[in-house]
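Each of the two complexes below includes chain A, the first together with chain B, the second together with chain C.
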Partner chain A sequence: MVDIDSLRRDWVGKEFHRAEYTIGQQQVLDYAASCGDTDPRYSDPSNPDFEAHPTFIGCLGNTRDAMTPQDFPGLGRGRSIDGGKSVEIHGPIRPGDRLSARSEIADIYAKTGRSGTMLFIVHRLNFFNQNEEPVATVDLRQIKAVED
Partner chain B sequence: MILDLHTHSVRSDDGRAKVDNYCQWIRKKELPLDGFVLTEHRQYDDTSDYRDLEDHYGLLILKASEVETDYGHVLVFGVNEDLTNAFDFARVDNHIGDVLSAARRCGAVAAPCHPGRPNVGLFAHYERKGRIEGVDLVEIYNGGSRPGEDEISEAEAQRFGYRGFGGSDSHIVSRIGYAATEFDEPVANIDDLVSALRGGRCHARTFR
Partner chain C sequence: MRFSDVELGDDLPETHPDISMERVKLFVKSAYMDFPRFTDHEFAKAEGLPGAIVPGVMSQGFLAAMIHQWAPGAKIHKLDTVFRTTMVVDTSATCRGAVTDLNEESHLVEVDLTMLNHEGVTSVIGTATVELAD
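So, the complex of A and B:
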């Protein structure tokens, strides 16, 4: 069995990666179109409240370096599966914004089920704009089977 | 009086149901429930206050916990500060003997849930590791059981002389009430529930 307490102590809450993104108008429009959302706030640049669709931020930062620290231990058996993504919006994201994505492991926990013990690793991306204002938090859950 | 003794809300990491929506569903579908117990995974929620919902919908909403042990998952009714300090609710490797004895010592009731389920059910562990002392009540009807699992739970509970109760184990709104427990007398609060469970003044019901 994996030592959860030790893993948590070593990894949870420590920033390990940063990446910068400049938000383009076309990518904001393309995202709204792909969602089928015709609300002018997300699809019309002339709208005074034009901004990125709330789930747009989920497209950014999905890289291996941003997800997992380079020296993070290999855990469990086999491949992991996607445990879902949650997005919390703190402020608007608009074309021209320069976002900083800061990565951390937010939580590591285990649970047991029909198929045995599963380890949950919560990868968190904290997004800030050019004024250092938090604009979004994105949590991605990775699930791994571990030996009982 | 019928209560669903095993439900999860969005406070559980895999729960997708808001408590308000459970209440709406029970009333809209005219389910034969008088209330339900929230049994969040690996934690005890001592902060949420559902009294307004209880008043609005005329339902009893109680709080308990589902903890994980070396003999599978266990529901704990009547959680108090003494009990939350007695063992770590967040761990998945609690010794069931510690959980059962701590519950008894702190005035609570601990009862294995879905005991017929592979890996996380009591009776699967009995097969591998033998019987343990201190169990007298198990969830014989679980709304999340696959075909055959409740049958194992019921038969094995009878064989070992355990009393049974029911709960839906719902994680989404539409599953609440799939299984429940009928009480012989009114239950108004968690103390009444613990007393009725301990005294065996209830029986399991399934509505699947």
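So, the complex of A and C:
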């Protein structure tokens, strides 16, 4: 049986990776166009409130290094299940911004149901702009079956 | 659409996003996700998928676009989704939403979201917290 308390103590809330991204205008425009979003805040560079689409940030940092610490233990059995993704916006992201993505394990918890015990691991990316202002938090939830 | 115009239970006008290969290719290039399982039907089939699949994050973009279409100028504070099954590129899709909560003080509304694939199966479920103009 996995020791959840020990895992939480060892891993939760500790930054383990950083990456930087520069936001391009054409990239922002293409993203909004591909989603069919014609709101001028995301599709018109001449709009005074022009910024990246709110879900754009969810595309950044989806690498193994950014998601899981190198020495994180292999948990459970079989493949993991995608438990969903949330994007929380704290401030605008504009073309030319240089973002820092800081990774942490935000939570580890277990739930037990008919199919046994499932372990939930919440991978979090905290994004800051070049002025160290928080602009977004992205959580990815990973689910793994574990021995009861 | 202003906060005062919205009532609990209101349905958002459904949308039918373009999930053609052309759109998906545009998306994956802008989103650092240019992988063949999204853009090559034969490659995806060889991996056991029914065809090239629409990236899950792109579904979030479609759902946000539906919210902006319903309430131009609305500000999405949070969008949380769970991807339940695949959507195949070059088929069709439907986005739906309904207002499930209203906060009179903050003018935030909660919207339940679903996205259906071409067979009418729910592919994505989610919620959004949205700020509407006064």
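We take it that the second predicted complex is superposed on the first by the 148 of 148 C-alpha atoms of A that agree within 3 Å, B and C clash if a C-alpha of one lies under 4 Å from a C-alpha of the other, contacts with A are read in each partner's own complex, and residues count from 1 in each chain.
Operating definition for what follows: a contact is a pair of C-beta atoms (placed from the backbone, for glycine too) under 8 Å apart; a residue touches a chain by one contact, two chains touch by 3 or more.
What you are looking at is a predicted structure, and each value in this text was computed from that prediction instead of being measured.
When the shared chain is aligned, no partner comes close enough to touch A:A19: not chain B, not chain C.
When the two complexes are overlaid on their common chain A, residue A:S115 makes contact with chain B while staying clear of chain C. Contact comparison for chain A: of chain B and chain C, C touches the greater number of residues. Legend: residue contacts after superposition of the two complexes on their common chain; A:S86 is shown touching chain C, with no touch to chain B. Residue contacts after overlaying the shared chain place A:I143 against neither chain B nor chain C.
Chain A has no residue lying at the interface with chain B in one structure and with chain C in the other.
Per the touch definition, chain A reaches chain B in the complex via residues 1, 109-117, 120.
Of all the residues in chain C, the ones that touch chain A in their complex are 15, 17-18, 23-24, 26-27, 29-33, 56-58, 60-62, 64-65, 68-69, 72-73, 75-83, 126.
Residues 27-28, 30-31, 33-39, 41-42, 53-56, 58-60, 62, 82-89 of chain A touch chain C in their complex. Here chain B touches chain A in the complex through residues 13, 41-42, 68, 72-73, 90, 92-93, 117-120, going by the rule given at the top.
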